[in-house]
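You will see two complexes here that share chain A, one where it goes with chain B and one where it goes with chain C.
And now, the complex of A and B:
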């Protein structure tokens, strides 16, 4: 393990929406190179594609050895049907169809690879240089790319072929290649543009590397998948277009190719004259070779874009836990939410990743609870689980536990029942309003959606209520007609909070609602949330990575580490006397406004891989107080003066009967 | 407004590029195909036809290349495409206008139908991720999208026209019926169009389904879809207004880009079915070395594709407020 000082609670400022929705996957496992082959072998479409391609490659290299007869020289009786001597019969000229097919493979394969290579080379040159050079060069190159993309290429090729009749293989490859690069170039340009501002390129620029070096050594390797996709797409198009051209008689009529076979078959009316296989089989070959490229292309898309892959969650392998003694007492009027033994798992290629592991907590009416932890600790997943926002079409599933909200176990509620209480009784405010507000609907339309779903309010009443809530968060009602992109970041965030208050629910779950804002806007928004909370009396679950942000606002704090509760207690108490070594480390990583200036320390190391959690305490690898026991055995939660701590250091001070078995000692 | 101006500017530029290609290609071909063609025809056809070729190639013997180019642009701008050799002495523009309705009816309708159906199926498939539909569709349509259009057309003719005799083998209408707005004629025309339409539909729908499915899958991972669920909206509302409307935006751009592909396929389908549309006429003109007609049809096809893209742009602007603001 490398001990890099990682500032514990600074998450990347750019919000990557997927980070909240999927399991945290360590960078190393996303690598492309060698993993590529394994990924291809696992993908059924890719395997079929590779096999088909290999089949045609073999045919194209050894036609003389494989074909039973000469494609043209040996003449039999014309128009024979299929037989053992002639599997696919003979042509109107008495040649063996199968042999012609086998010999015809070579040209299609050559065209596919030559055009694919040429078009891809052009796409890379134009696309990457356009994006990298920028300015006028980019404008000019992009314009050419777009024009070529839009001009119907096939008719253009026909026009060219009309003047240059009987075009040979070479002309065909040049023309198809010269016209087929624009789509790839466009995509490569977009990808390069998105890379341009990445750190590693800035670093190369600062090092004073030459542009050509940066393009070759820094940019191209990151675009392997796009380049491959561009090649496969161009190869597919080349096979189809070349066959089409030859079919209509614009190729060399004496060449050995599938398209030419179709041309002669059509000219001899093979379909009507009972030489069906002559007319059908070349098309099957074109379709199969095309399908090989199309399948590979599609499989590649799936491999390089993990979101497209469907993983089934299989939790049979996860460890069984003894059930905790759940609180059987009826919910008191004071307690509106009880979370008991809640576990959530994501499916991944490495098996289930348990992102929330057996979490317990409760929430009182009107209480402000902060949930803090590093990114990837499962805090957002916990929030989604409570709000029942997991499950298809979203990834992640609740595998165990209860979420008792006002006496009902939300985990057991059906979609219809859930819909009924959503937004009326509890609402959600998400991390980035830019992503959480529908970009194509006005604020008013999005408020109206919610109102219509839960009430019989008239349009007039809805408008009145929308104006009211906007005023609550000090937004001019004129913005009801605005689209999300027309508002500033702070306004968007407040508009979302306004939306969450439409029905004045009992609980508002907030997932880092301020993290996209600057410090001043953050502060003012927090004040506003707190003020509204006190005025309207709703309870808040506030998920954040920034411990200092909630310190003045929350009543209690729940510190999460690697999917588990590390510490749970009164906010003041937790700040004044942090018990868990992780909580202490978190606090040390933050500057305090009061108190002496101290050197800030990050927490060395990084959180464990949740697909393979450590056997003992999850923090042990980074903990200054780790013992052989805590490395081997997972500590339960100890109750220390009302503060729950998952650390053996407090075993002594916790009275035996107070041990709240939040976790088990036994490890499967 | 800036958006509209920019797009129109781009289309004019593309149109200009197509016209210029028309002018340049015969000259750039080895041996200057245009001049060679002219000398080959001299004395064989009447002066009117030679003049038609002069317009088509922009050849005016007394003019420099640049001068000829501008004369050519002027002729095109005024709709003077010359005279067709195949349908001598009919004007090219008249011929083109005769073929156009057939193609608009066949290719236009099927393309729109394929796009709408494909988008719909793709969205449902993504919404019911991992369901029966979603499991079966991608492999099937990845493969059908690799089918050569003309081959499927041949197959359809063999099976449904020759073997089963359900549909006519070729043509746009029965030559014995009189062309006009009679019920008998329309019915006959529809009967003739079913096989070619089905061919285009089957080969082109796969692309729309797959891209829409993949777009929708990415959109479904967006926070606003989750938010819509948190708001307690009905599933169909989430699927259409939140997931669908956002997922279709990149599909509309994709529509523009793959239109050229569809048009290419349609040309071949018309050819195989002897369907009296623009594509069939285009290949006829190539066959008969009727260059004036061929060039006019190429421009025509380009304009049609540009108009379709313009329509897709318009739809994008309607559906996406960000485009309207030029953001």
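And now, the complex of A and C:
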């Protein structure tokens, strides 16, 4: 088949802050250079760490210029207390303590950087090559790493240092470096192993890159944060160990260092005499330099991993909202869930990101509701908010609205009350069963844990119930003893659903439970869900990006676009007569296996940045029916024959209907 | 018939499974023959575990075949020895990966893969020529303006845009055949069409052939000229796309087609249900690998592996039963179907 060449549907290269699924968490890697400096300047730990380190660096480079006296000249009165001439007093030999401290900085800094560098280099070489080469090389290198890791380092160093009596700087660096790399090597090996399965390495190999290039230029740059952490960790350890060794007299007693100062202070019982500061200040310096490295380590972790940072959600000034039509369905007692004006926001560096904006819907007993939309539209956030699962690492917060589940407002419930109804009255099935199931426990053990956490069932009852629910989803109860990896993808999802049904809940919330499966398994799982739902009568909220998937299964459909409800109505009605231009475009994006082959266009462009939503209709930029009005003014939801549509195209028909409705009421 | 662009003959790949002393072999791909013509889009369809990704990696020379041979422009791949030959082949047959979130190195700007491709494979190019080439491939995949797009980091792009980068990387090789391993399955439905259209445009404009690997029959039908259906490491059916879609002969192809969700079809739950599992083909015995799930299985299917037979112009099917039109055939014993 040939198509007429048509210009490519272009997606403008705008920044899309959301990841593939789930709430928008900024990604961990930033470009080097300016971004990094800005991030450092904004991080308090980093600023303090950098200042401390700079302070010591300056001292170590210019001790002669800074120190008031020579550190070795025994020219003052011994054992003086602090005074303006001698801030920290003098030693038992009549030397100035402050000058000794300043001169001693150099050795600690040199040891820190030299050992950090040496240990990190060894860690990188051993860790990365072990993981990348695999097989026997990995076995051998890992063995060495582990042996060094389990050797009690301090006694060993004492033995080595004792051999090399009065160990100088060089010996210290070599000994500490040679023993300090193993921890970093293990971390780097683990990280490289997880990278090995990443496609970009396979892409590099397929491209024809050499092994050395892959290791040096493809693997190492992605591990910058780990390498830096390894360096800072080794530096910290070197400072502490060197001081410790010198303190117990294993260093060169004539060297200028904090450890040697401690050694002499201890020998002269400085603490008991008037020379307390002689004994204390070197320790404080060691602690401060160590703290500088530790702070930098924490800060770097936070900068390279923004999810760790705690941000405060700050919402000032509420947005003017258009008045939405509400569902006019009769209020009946069999409504189990009412979501009213629900809004959820995430804190981000660019201010609050409203991921769910004023969403209203209700759900009846035994109803199957589909929620569809593109990734980043807020559908998963909505689901998490309803289930009250928004917590770290999803730092989202419900900012407004209520979620009334069987008469109780879930938004106001505390953790204890939530635990009481979660799983018993409503349960959640996650997207990837492989992640949601514990890989080291059998299915039976996981079912038992769930039962024990939420009920007081006896072991007998639990076993009976586990067998029952597995049979419900057509899994042979023999698989109770299986581990998750022994089941196929389809069976794992079935097992997840079985676990969700342990307490016959009234509501099961499903987040794309089939999207990791292929069509045949997907189809059969959908059939199973529908059959169970009809048999057991629970209600389902089914979140998916694939509208066609729910077309044959859901009663009503809620189409979300850029955090808002775009259209909400009866599934059949929505598919036969889609009203919102977005719904129409979504439906036109599916190739069909029936009918003639036609060229489809998809939806040009990409969804708006939720940190800066457009002023008017959120779909306007991609909409073929956009008008100046819809670009400037946000449309409310209009009620068109019981279907809610957020589009000005339906303003008139909605108004007419209202008039008609009013007229009939008048007649009655 | 003239020599096709690529021809696989008796392609087989087994993997060792189990512990150190295990002699068990997983038959990922068994005795597969197919061809890909110049400028042709061939879809390879099957469920996960059917061996389709193994075929992609055999063609990309990530794996070596256990037996069988792949001929590219008439030359057998097993005769590739020098690094120069290897590079030449990998630039003729690049690959686009399934997961756009893991196939681009996050530490580099997105132009990295393209400039590496140019450095490795087209050394003679000057600075200016390279910049023009970068511009050309970004334009070709619809990432505009090319200059700004190429300076972005992967995290700044959406999934669809990243997959376009994947195709731009492949194009930088001036390839003859692009292996696209499920390039749209991780993307949102709304942007899949854009990528599929891109593939047909590249075929029109650059004359590239595609091996499009997917489990989505509807998208295969949308772009492919021919369809190959795999099940359990075997090729079970092949033929021109519309012919296979409208008159599927193999019971597995029929099952696959019945499972496609189609909002345009009349609403109502169809009764085609199947709780079978894709087989793990470890040390298989003789017999059809689909028989346990097949509603039409006969005794012969237990003892004799069906071979691909010619059943019409360009149509091949590996099934003992598939002769008559499937619409006229009744399930032999539905009640007796093994339900695992």
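The criterion applied here is as follows: the second predicted complex is superposed on the first by the 484 of 668 C-alpha atoms of A that agree within 3 Å, B and C clash if a C-alpha of one lies under 4 Å from a C-alpha of the other, contacts with A are read in each partner's own complex, and residues count from 1 in each chain.
Here is the rule we use: a residue touches a chain if its C-beta (ideal position, glycine included) is under 8 Å from a C-beta of that chain, and two chains touch if they have at least 3 such contacts.
Computed from a predicted structure; not experimentally measured.
K.L.:
Based on the superposed arrangement, let me know which partner A:542 touches: chain B (first), chain C (second), both, or neither?
P.N.:
So A:542 meets neither chain B nor chain C here.
K.L.:
With the two structures laid over each other on chain A, which partner does A:287 touch: chain B (first), chain C (second), both, or neither?
P.N.:
A:287 sits against chain B, while chain C stays out of touch.
K.L.:
For A:441, select first, second, both or neither according to whether it touches chain B, chain C, the two together, or no partner.
P.N.:
first
K.L.:
After lining up the shared chain so the two structures overlap, which partner does A:150 touch, if you call chain B first and chain C second: first, second, both or neither?
P.N.:
Touch partner of A:150: chain B, not chain C.
K.L.:
Tell me the contact category for A:346 with respect to chain B and chain C: first, second, both or neither.
P.N.:
neither
K.L.:
Which partner chains sit in contact with A:263 here, chain B, chain C, both or neither? Use first/second/both/neither.
P.N.:
neither
K.L.:
Using the superposition on chain A described above, determine whether A:205 touches chain B (first), chain C (second), both, or neither.
P.N.:
Second partner only.
K.L.:
Identify the overlap between the chain B-contacting and the chain C-contacting residues of chain A.
P.N.:
20
K.L.:
Over in the complex, which chain C residues touch chain A? Could you list them?
P.N.:
My answer: residues 47-49, 60-62, 83, 86-87, 90-91, 94-95, 97-99, 101-109, 113, 116-117, 120-121, 141-145, 148-149, 152-153, 155-161, 164, 169, 186, 188-194, 196-198, 200-201, 204-205, 215-219, 221-223, 225, 241-242, 245, 255-265, 267-270, 272-275, 277-278, 339-340.
K.L.:
Mind listing the chain A positions that touch chain C in their complex?
P.N.:
Touch list, chain A to chain C: 1-3, 5-6, 8-11, 13, 15-16, 19-20, 26-31, 198-200, 202-209, 218, 221-222, 224, 374-375, 474, 476, 488-491, 517-524, 526-528, 530, 545-549, 551-553, 571-572, 575, 585-587, 589-595, 597, 599-603, 606.
K.L.:
Within the complex, which stretch of chain B touches chain A?
P.N.:
Residues 10, 13-14, 17-18, 21-22, 25-26, 29-30, 33, 126-127, 129-130, 134, 138-139, 142-143, 145-152, 154-155, 157-158, 162, 210, 214, 217-218, 220-235, 237, 241-242, 245-246, 249, 256-257, 259-261, 263-264, 267-268, 271-272, 282-283, 286-287, 289, 291, 294-295, 297-298, 301-302, 305-306, 309, 319-322, 325, 327 of chain B touch chain A in their complex.
K.L.:
Show which residues of chain A lie in contact with chain B when the two form their complex.
P.N.:
Contact set of chain A toward chain B: 17-18, 20-21, 45, 143, 146-147, 149-156, 158-164, 183, 236-237, 240-241, 243-244, 247-250, 262, 266, 271-272, 276, 279-280, 282-284, 286-287, 290-291, 293-295, 298, 301, 305, 307-308, 310, 312, 384, 387, 389, 392-395, 415, 418-424, 427-428, 430-432, 435-442, 449-450, 453-454, 483, 485-486, 499.
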